[in-house]
Structures are given as C-alpha cells and as structure tokens.
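Following are the structures in question.
Two complexes, one shared chain (chain A), two partners (chain B, chain C).
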Partner chain A sequence: MKSAVWRDARVYLKYIRMHFLSGLEYKGWWMMALQVLLVCVADFLPSFLIFARMGDIGAWTWERILLIYALAVASFGLAESFCRGFDYFPWHMLRSGNFDRLLLRPRSLAVQVAGSFFHIHRLARAAIGIFAAVWALSRLGVPATAFSVGVIGLALLGGTLVYSGVFVLCSGIAFFTIKALDWIYILTNASYQVTRIPIDYMPGLFRRAFTFLMPMLVISYYPAAVVCGWGEPVAAGFLALPAGAAFLGLSLLVWKLGVRHYQSTGS
Partner chain B sequence: MGKGKGMGVAMDRTRKFSLFVCSARACIGLFRIRSIESLQYRAAALSSGSISVFWALIEITVYTVFYRYAAHREAATLTLAQMVSYIWLGQTLVPLHPLSIDDELLAKINSGDVGVELCRPLDLYFHWFAKSAAGRVGRFWWRALITLGIGLLMPGPLRLGAPVSAAGLIMFLVSVASTFLLSAAYGMLVTAVRLGITWGDGPTYMMMLVGGVLSGGYLPLPLWPDFMQGFLYVQPFAGYLDLPVRFYVGAIPPGRAAATIALQLGWTLLFVCAGRLVMRGRLRGVIIQGG
Partner chain C sequence: MAEQIRLTDIQKHFTVYERPDGKWALLRAAFSRKARRVQALDGVSFRIGEGEIVGCIGPNGAGKSTTVKVMSGILTPDAGECLILGRTPWKERIAHVSQIGVVFGQRSQLWWDVSVADSFALLKDVYAIPDGQFARRSAELIETLDIGGLLKTPARQLSLGQRMRCELAAALLHSPKILFLDEPTIGLDAVAKLTLRAFLKEENRRSGVTMLLTTHDMDDIEALCRRVIVIGRGRLLYDGAIAGLRGKYAAREGQDIDEIIAAMYRDMALES
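What follows is the complex of A and B.
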C-alpha cells in the first residue's frame, strides 16, 4: 500500500517536471506569467479604487479586504498550478477522448489526470497571492510568530485542497453533462470575489453558502480573523485543513461515480 | 502601353468591386449561419447567465455597502439606484466584449488552416470579422435575456431600474449597436496581432485585459479617480459598456449624445483600419507548410 502511494507520487512529480521543462521551451512563457500577474492586479484594482474614493467602512480598511482576498487567490492559484489536469479535464481529456488512454495505464487515475497538464504561468497567481497576503499582514502589524505562520500555512494548504476539490467536482459532473458546465465558474474565479464584501455586511446567503457548501471563507476569512484578532474563536482558524480535506474527499466521490458511469466518447 | 495599362486598371477595379460584393454577401451569410448556430446552446446560456447574475449580485452588494456605510459617502458620483442599473446592464453587455480570441479562429491560426482560408475568394478580414462577431452575438442573446430578466425581477433595492427617459433608452440601444461593432473591430485587431505569433497568448490577452478594465466592467468608470474622468471618457473602451449605460441611467448630458456616438464609431473605424493593416502585414510573412 505504502509503495503504491510512493509510486503514484513519483509518477505525478515526473509529469509535473516534464510539463515544466516543456513549458520553458516556449520563449513567451514569461509573457503569460506577466499576463496572469496583470489579471490579478486588475482583479483587485476596483476594491482599491473604491476605498480610495469613499474611505473605510467602520473598522474595514482595504488592507483587511486585501488579506482575505489574497488568501483565497493564493489558494486558487496553487490549486490551479498543481491540479491543472482536473481544471482542463472536461474539455481537453473527456471531450477529446484522451481519457480512454489513461484508463489503460496501470496507475492511479486521479494522479494521472492531475498531472496531465501544468502551466508555469499559473504559478504567477499563487505567487502574487502569497506576496499580497504577506504584505497585507505586515501592514496590519501582525508579527511573524510560529502561530501566525502556522495558521496561514494551514490555510493555504486547506485552500489548495478546496479549490482542487472544485476542479475534481467539475470533472466528475462532466461525465454526465459537458455543455452546461460554465456555472462552475461561481465556485472558481467568481467565488473569491465574495471576499470583497466586508464580512459584517455580507448577506447571510453568501456567507453560509461559502462557509458550509464550499468552504471558501473557512480558508480565507477565518484564518485571517484569528491571526489579526478580529474576535473569531481561535479554533475556527484551524478548520481550513480539515474542511479542505472533507471537500476534496466528497468531490472525489462524485468523480469516482462519474468514472463508473463513463462509457467512452468519440467515434 | 499606356492604353493597356488604363484598361487593366479599369478591369482591376470592376473585378475588385465584384469581389467586394461577393465578399459582403458571403459574410452576411456566414454571420447568419454562425449566429443561429450559437443560438442553439440554451443550456450553456442558462449556465453562463447564472455567472452574470451571481457577479452582478456581488457587485451590487459591494457598492451598496460602500454607499450606505463608507466614511466618505458624499464622494459617490452616481446615485445607488443608477449604480444598480449600471451593474445589471454592464453584466449584460460583457459577453459582447472580446475577452478571448474566437475559438474557431484561434484553432485555425494554431493549426495552420489559415492557408486554407486564404484560398477562399473572400476578404479574410471581413470573413473573420463576420464569423467572430456572429459567434459572440449568438451567445449574447440568451445570456442577455436571462441577465436582464432576472435583473428586472429582483426585489426593490436590487432591481434594474427603468431608463431615465424614452430618448435615453433609444440612445442606449443605438449606443449598444455601436458597442457591438466596436467590440468586433477590437477583437479582430487582437486576432490579427495573434496571426504571426507561435509562442503564446500573453500579448493578446494583455491587449484584451486593457479593454476589459477600461470599459467599466471591473469598476464603473464614474467611480474612478476624478482626475482621470476626462481621459476615461475619450478612450476607446468606454464605448464597450460605460457610454451606453450612461445613456440609460441619464449620466450623459443630451448635448453630448451625438458626439458620444461619433466617438464610438470613430474608434471602431480606427480599429478596423488598424486591424486590416496589421493583418496585411502578417499575411505577407505567413509561411504555408505541408501539402
């Protein structure tokens, strides 16, 4: 059993290394990284500009919003980097019929799919997310203690699992319907837009949906609140990892159901 | 010699003219086929319409919080009701904007099928213009219907308001038609730039991002810093979203209406010329391989 896990990990790392090296062959890869960077900056620009025009909302400054937002973006970027295969799966694996080839190989399916794509430029989103979070923490005067580093680290880890879970879920649903998958965007790029609303003013529906259905606030707001001392219970800051693992686990169940349902595509 | 040359020029002109008429007719046909084709995907439209609605609700919540509780509430430029309408209409118009190169055309560029396209007796620029514009407009109808419908059905403070006046509504519709042309023209300029590039989408995505940000789709342009307002009005991408929506909510003085539409059309013309120029340059360097 242990050797099987080890073998899968090696396959995955080999895939990633291969994609990384082949990605470097394109002389324009850094342009794509720059473009992703600009997208991230442009995404936050509205929040910055409106705070600049209309001022703070009670205790809510733009640094606070940036911290929560950046934690979610960094997690999304990490998941997008290391689980890109699932992100691409419905269109580039399932519809094209390439998935059949994976079924023939004597290795874990999930690992093969996860490693089937990797794009260097997606790391830019993770990098700028982490950078922005660290910067916001320093602006908010949070010292780099073992506690704060630990909470933020666990938040990123849990967040990566949550967003990987979204990609896996989407791939699982793709076995049943491939045309109407756009709504999944609400759980990916659109999900962290919710963090632009100060949590005290967030409508209950958003708050509950992104805590209990898809734990996006558990991996962004609660760790940030615990580290900065905004009056949330300390235990809530440590929920990111278990919540992420649970969400990914449930998504993998949907995925397994989909694989069982699969009857090959193409001619 | 001189006479022959004159005749040649005349024949050339008639041939060019008949080619132009044929091209125009073929392009209209292509436009119809492709837009009807993309109208079929109703489930996909429902799915993508849900994104517009979700996005609009987040934006409306953010601006409502700022309008009600921010320290400098008086710094707001539009009223909250105008802002809510701005968001709904903006989300409706976003699918018209070129945020990525048309899938079919990009596939042709990447696979080298441009060679096949060049064999057709059609002007490549207008051929692709018709196709990409049709692809976008086909997807736009359903999604727009869903977004507007839900916007109108929302409860009180979240509802898309009525237009400021009948004239405002008419100017809004005229302006949206110009938006459609402007978006298609800029999309074609980006596609032309992409023609010769084999190593990635970085520059073209950046070009399109600039358009998206300056359109008002990220943050309504009236909320941008005051010192930028003059620039924001004359730059081309206000025509994507901001200008038509301003007509609807009554944030453009009536005296400026004609100038505003002229501005949109002027930029469109400029983008068409630039796109054709770039495309001609790119095609000169194109190398067809294989057989």
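What follows is the complex of A and C.
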C-alpha cells in the first residue's frame, strides 16, 4: 500500500517534469505568463482605485483586502498549476476518450488525471498571489515569525486543496453531464472575487456558504485575521488544512462515483 | 494449455439518446430526448487458453470493441462473468491491467509531444518495471521492431506505420501475459502490415503471450490465427477454425475469404 502511494507520487512528478520540459520548448510561454500576470493585476485594480479615492472603510484598508484576496488567488493559482489535469479533464480527457487509456494503466486514476496537464504560465498566478500576500503582510506590519509563516503556509496548502477539490468535483460531475458545468465558475474564478468584500459587510448567507459549503473564507480571511490580530479566535486560523482536506475528500467521492458511472455506461 | 480468459454470458447495453424528428425537432430536442436501449452484447461466452492467437471479426457495431473493453476493464458489463487470469477486470483494476497490454489502432498510448524514448521511460515508472528488466526488454523490443532510429522523435512526428511499431513496443514493455489488439492494422500500408504480423507471430512464439485481435482485415486472421471468433449483433456467431467458416459459407471453390465473410454477414441479417 505504502509503496503504491510512493509510486503514484513518483509518476505524478515525472508527468509534471515532462510537461514542464516540453512547455519550455514552446518559446511563447513567458508571453503567456505575462498575460496571466496582467490579468491578475487588472483584476485587483478596481478595488485599489476605489480605496485610493474613497479612503478606508472603517478598519478595512486596501492592504487588508489585498492580503485576503491574494491568499485566495495564490491558492487558486497553485491548484491550477498542480491540478491542471482535473481542470482540463471534462474537455480534454473525457470527450476525447483518452480516459480509457488511463483506466488501462496500473496507477491511481486521480494521480494520472492530475498529472495529465501542466502549464508553466499558470504558475504566474500563484507567484503573484504569494508575492502580493507577502507584500500586504509587510505593509500591515506583520513580522515574519514562525507563527505567521506557519499560519500562512497552512492557509496556502489548505487553499490549494480546496481549489483542487473544485476541479475534482467539476470533473466528477462531468461524467454525468457536460452541459451543467458552466455554473462551476461560481466555485472557480468567481469565488475568489468574493474575498474582496470586507467580511463585516458580507451578507450572512454568503459568509456561511463560503465558510461551510466551500471553505473560501477559512483559507483566506481567517488565517489573515489571526496573523494580523483582527480579533478572530486563533484556532480559526489553523482550520485551512483540515477544511481543504475535507473538501477535497468529498470531491474525490463524487469523482469516484463518476468513474463508476463511466465504466457502466461507456463514453 | 492453461485457460487465461473466460467469458460467461456477458451482457451489456447502452442507452442512446435520439433527437425527435419532424416539425420543431430542434426545439423539442432541447426539452425532451428519447432514450433507446441498444443491446451491445447479448450473452457472449468464450474461453481462450495460454499462448493462443484468436482473431475476432464482425461487422461494424457488432460488439467487438465492447468485448475488448469489458476484458480490459474499461467497461463493466450488466451481467455475466469475466475472468482474466483468474481476476475480474473491473473489480481488481490495478492488478488486472498490470498483466495485460492493449493496443488501439485508432488511439495512441504514447505521449504526443515527447520522444518515444521518454514515453517508454514514463511507462517504466507507470508499470514499476525494475531497471534490469526494463533495459533487457526495451533493448529486445527496439531491436525486433527496428525502432532504434525513432526513439528521439516525438510521437506526433511519426508516420502511422512507425507509430504502430512504437505502440506495440509500449504495450509489451511490461511483459504482459495477454495482449489485446483492437484493429491494429487499420490504415497501415502493405509493408507495415506484413512487418506487424511477422512481429506478432514471432512475439507469440518466443514469449508465449496470448493475443486477441479484432480486425476487418481477413489477411490478418489468415496470417496469424488458427482460431476465429465471429461476433454479430452482440452474439457469438462462430467460434472455431477459419476452415470451418469456409466450409459453411463458401458457395464455390476458391472463394475469397472476404466474400465468405460477407456471405456470412448477409446470412446473419437474414436470420434475425
């Protein structure tokens, strides 16, 4: 059992390495990275401009919003980089019939799918997210102690699991229907936009949905609050990893149901 | 001769959705769709022993590929029993697939953008082949398939014939006990077909790998298989020596094998 997990990990790393090297051969990769970078900056620009013009909203400065938002974006970027295969799965694996081939290989299906695509330029989103978070932390005067680094590190790890979970969930649903997949954007690109709303002004329904259904705030707001001392219980800052693992776990269950459905109905 | 494959009364249906036709068909299709049940396999049973080469023929849509998919573990049948090397494919997927090799003529298992050698190296890890065994086996396959000169080429730049030889090597790297080939000669030129047949025959003789191939090319069957299975409308119509088919359907002496098969297909259509 242990050796199977180890072999799966080894295969995953080999796949990523292969995609990375063949991606480098494509000379335009840095242009695409730049493009992703610009999109990320442009995304946050409106928030910054509003704050610059209108001033802070109570205790909420633009640095605070940036920190929370950056944690969510970095998590999304990391998941998008290392779980790209699931993001692509419904279109590039399922519809093409290439999934059959994965079923014929003696390795975990999830690992094979996760490693089936990797795009270098997607790392740009992760990189700028992490950079922005660190920058916001320094402007907010948070020292780089073991505590703060630990909480933020766990937040990113948990966040990566949450977003990987979203892609896995989406792929699982794709086994049943391709048509109903558009609403999944609420969970991907739209979800981190939510983190731009100062939490005190966030409608209760949103707040609960993005804490308990999809633990967005658990991986962004709460760790940020605990590190900066905004009056949330310290324990809440450490929930990112377990929440992310739980979300990914549930998504994997849906995915497994999907695989079983696929094997019994054919493509 | 030990038995390796045993299918007993395999049933499999698919649901296909049809568009309504007539007036406002497109609009109505948006709200309702008619489901139709298609029985792809309707009680298929056969056994294959170690080291056999069995050819599987049948008209398009007869259920050949579905049979291969059931045996390789891609599809779970509705009913029936399938034992491959003592295992049920869909219940023990990982143990099962590490013992078999599958070649699809229409699909590649090589990674498109990387060199053939890199694909082989990835498969080494996927199948967890020990270093020494991999070195020995790959050298052997590279030599017999004459693909030494192609190793540095990405799969997308290979001709179909070249790619097929590399596919065979890829499917045999982990020394499977059974090899399934789904239309392996499709689209190949005469030289490539002959090379492929010679290789399969030699590989079967040397390593004793059991082979089941589906094809539409009767020359494949005549060159390779002593035994042929005919599947039509989801049923097993014939299982035995190719000479038997000749006896049953050849209207006159020296009739071409393709004509015999065509006569048989016509016969089947009349029967039902």
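Heads up, the rule we're going with is that the second predicted complex is superposed on the first by the 262 of 267 C-alpha atoms of A that agree within 3 Å, B and C clash if a C-alpha of one lies under 4 Å from a C-alpha of the other, contacts with A are read in each partner's own complex, and residues count from 1 in each chain.
Heads up, the rule we're going with is that a residue touches a chain if its C-beta (ideal position, glycine included) is under 8 Å from a C-beta of that chain, and two chains touch if they have at least 3 such contacts.
Because the structure is predicted, anything quoted here is derived from the model rather than measured.
**Q** In the superposed model on chain A, is it clash or fit for chain B and chain C?
**A** fit
**Q** Is A:Gly58 contacted by the first partner chain B, the second partner chain C, both or neither?
**A** first
**Q** Roughly how many degrees, to the nearest 10, is the angle at chain A when you join its Cα centre to the Cα centres of chain B and chain C?
**A** It works out to roughly 90 degrees.
**Q** Could you tell me if A:Gly97 is touching chain B, chain C, both of them or neither one (first, second, both, neither)?
**A** second
**Q** In the three-chain superposition, say which chain, chain B or chain C, touches more residues of chain A.
**A** Higher number of touched chain A residues: B.
**Q** Applying the touch criterion given at the start, work out whether A:Thr145 contacts chain B, chain C, both or neither, answering first, second, both or neither.
**A** neither
**Q** In the overlaid three-chain picture, which partner chain does A:Pro198 touch, first (chain B) or second (chain C), both, or neither?
**A** After superposing on A, A:Pro198 lies in contact with chain B but is clear of chain C.
**Q** In the superposed arrangement, does A:Lys14 touch chain B (first), chain C (second), both or neither?
**A** After superposition on chain A, A:Lys14 lies in contact with chain C alone.
**Q** Can you give the closest approach of chain B to chain C, taken over C-alpha atoms and in whole Å, for the superposition?
**A** After superposing on chain A, chain B and chain C come no closer than 7 Å at C-alpha.
**Q** Return the residues of chain A at which the contacts from chain B and from chain C coincide.
**A** None.
**Q** Touching chain A in the complex: which residues of chain B?
**A** Chain B reaches chain A through residues 41, 43-44, 46-48, 50-51, 54-55, 58, 61-63, 65-67, 69-73, 75-76, 197, 199-203, 205-206, 209, 212-213, 218-219, 223-225.
**Q** Okay, in this complex, where on chain C does chain A touch?
**A** My answer: residues 14-15, 66, 69, 72-76, 90, 93-95, 97-98, 100, 102, 104, 107, 109, 111, 113-114, 118, 121-122, 125-128.
**Q** Which chain A residues qualify as touching chain C in the complex?
**A** 4, 7, 10-11, 14-15, 18, 22, 97-98, 100-101, 103-107, 260, 263-266
**Q** What does chain A use to touch chain B in their complex?
**A** Touch residues, chain A against chain B: 26-32, 34-35, 38-39, 42-43, 45-47, 49-50, 52-58, 121, 177, 179-183, 185-186, 190, 193-194, 196-198, 201-203, 206.
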